[in-house]
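Common to both upcoming complexes is chain A, partnered first by chain B, then by chain C.
Then we have the complex of A and B:
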């Protein structure tokens, strides 16, 4: 099973560690510049979306299948426990001070966790289901059940899914896999 | 005016996270949207916030924005004539 794990200090693609000196969000930028580099919108994303974007790119590059062809048979299903906390905090900072009240539209658009599933679907031309499920804690049994449920849609033949959590630029965790209908 | 244009370019790069760009990379007469800098609708909203936050200019009419945000030079000209700070 193809798998990508990213935390602020380490990146593992299919069991192989990718060595980089950068940590935290700087690591995500380094991964973008090293392995992707053709999607300037990356720099406008919140950290959760950057994390999901980079992790999905590494995973799909490892899949080595034809890309950017419109398809309806692949779903994107993510889970976490922090929703869009980092983006929420960033946005709140723009409205906290009554004397400096300038709500940021660019920060506001990321104040939902499922924005990252949209970013990935747009990038890859996926027209299947996209879901982002927020759980009280990471629960493998609930996650497995939800992924199984996604296959109830007869159109869905594979899922790009897994855990994608971020509380700030230095605390995040991605563990994404490609799951195929058996 | 040249100084205002340069400052505005810096603010646009910083506000819109135009990574890897410098003020010199931006043609002040080029279109900001579409084929120019390729900005989108969220960027347009951020430009409205930038105008109010840095220059005290409130844009109420969206159609006004269409005209003002044609290029950096047009924005700078509008700021020079209407700024309150």
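Then we have the complex of A and C:
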């Protein structure tokens, strides 16, 4: 099974550690510049979306199938604990002070956890199911069950899915896999 | 098959499903203009709860633990839906699913000190509900922007179909706050008057508070009064994170998937998202036409409640079921003149129907779209 793990200190693709000196959000930018580089929208994303974007890119590069062909048979299904907490906190700062009240639409749009699923759908031309489920805590058996359930949609043949959590720009964890219908 | 066992709605229009349905049928709305509310510099139009009513109702079921207003809404709605059943909510065969976008987001405000900050986490808020009912399972929180309420019902259908659970309690709720209203204002998405879905003069959406619950179960023998959740689909536009696709791509694909070879003539109506933003309503008209459903009546309920976000998919599904039970297609309040380029069958008057199926349609940020085909008294 193809798998990508990213945390602020380490990146592992199919069991192989990618060595980089950067940590935290600087690591995500380094990964973007090293392995992707052709998608400047990356720089507008919140940390959760950057994390999901980079992790999905590394996973799909490892899959080594033809990319960017419109398809409806691949779903994107993520889980986490913190929903869009980092974006929420960023947006709250723009409205906290009545004397310095500057609500930002660019910050507000990321205050939904499923935006990252949309970012990945746009990048890859995925017209299939996209979904985000928040859990009280990480629970691999619940995640596995819900991912299996997603195959009840007869259109869905594979799922780019897994854990994608971010509490602030230096605290995050991604563990994404590609799962195929058995 | 997956059938509805019970439901319940809490909104500014009433504290039960029946009160809500009758208020909508009578054409009422609680959309009002608020000035200086929550210290916001700009006025807004919204449908907000009288919080005292919820406090009073909650006092009747309270376990004396401290809950936020949002948590009281979800517990109260679930409790009132479960009261109508013989389901034991503490059973391990019962799953709770919460549909919400912002939960207790007000707790991020530094001036809010009454509750632990972890309660801003959606799973922690949902856990207050499962703990209240002594349910042993981790709750699922579906947070897919404005389509959450249909996605949560889809998760319920799947978790029942897999056989893992016997009953699923699906609760949808969002409570408006300075956070949400200022965000939509910054997006220039709000109308300064009551919204006008699909109308030529629509200028944007209104926001609203609500909590709505549907309890679903598995049942082998369907009788003619059972509401059956038949088919569902979630599809992405793959186009833009905050604007709908001009070709209605995801919505069209979701409609096509639920329709299959179902005869459109059996469909009483499509209950659309109909937020009354320029782009949403236009997009839905494109998707409905592409799906070959231009002849099917379309209605939208945001003119009564505003956009209730995580509650919308449940609230609007329940009211659509009530309407068909009453042989009625609910009027689209606020609609006068067609304002979308692909003609739809719309009316601002209640219409009679004797058809027994409908499609609930939703779209949201992140490019997501969901459709749910529900039929009274049997399978496809």
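We adopt the following convention: the second predicted complex is superposed on the first by the 182 of 182 C-alpha atoms of A that agree within 3 Å, B and C clash if a C-alpha of one lies under 4 Å from a C-alpha of the other, contacts with A are read in each partner's own complex, and residues count from 1 in each chain.
Rule of thumb we're sticking to: contacts are C-beta pairs under 8 Å (C-beta built on N, C-alpha and C of every residue); 3 or more make two chains touch, one makes a residue touch a chain.
These numbers come from a predicted model, not from an experiment.
Look at chain A after the overlay: chain B and chain C fit there side by side. After overlaying the two complexes on the shared chain, residue contacts for A:104 are found with chain B and with chain C alike. When both complexes are overlaid on chain A, the residue A:43 reaches chain B alone and has no touch with chain C. Using the contact criterion defined above for the overlaid structures, shared-chain residue A:34 touches neither chain B nor chain C, since it reaches no partner. Of the two partner chains placed by the overlay, neither chain B nor chain C lies in contact with A:14. When both complexes are overlaid on chain A, the residue A:129 reaches chain C alone and has no touch with chain B.
More residues of chain A are in touch with C than with the other of chain B and chain C. Superposition on the common chain places the nearest Cα atoms of chain B and chain C 7 Å from each other. Comparing which residues of chain A touch chain B with which touch chain C, the overlap comprises 103-105, 109.
Against chain C, the residues of chain A that register as touching in their complex are 70, 72, 76, 81-83, 85, 88-89, 91-92, 95-96, 98, 101, 103-105, 108-109, 111-119, 121-122, 124-137, 139, 142, 145-146, 148-150, 152-153, 155. Of all residues in chain A, only 40, 43-44, 102-106, 109 touch chain B in the complex they form. If you check the complex, the residues on chain B that touch chain A are 16-19, 42-43, 45-46, 49, 52-53.
Residues of chain C that touch chain A in their complex: 39, 41, 101-103, 105, 108-110, 120-124, 126-127, 138-145, 151, 155, 157-159, 161-162, 164, 178-179, 182-188, 232-242, 249-250, 253, 257, 364-368.
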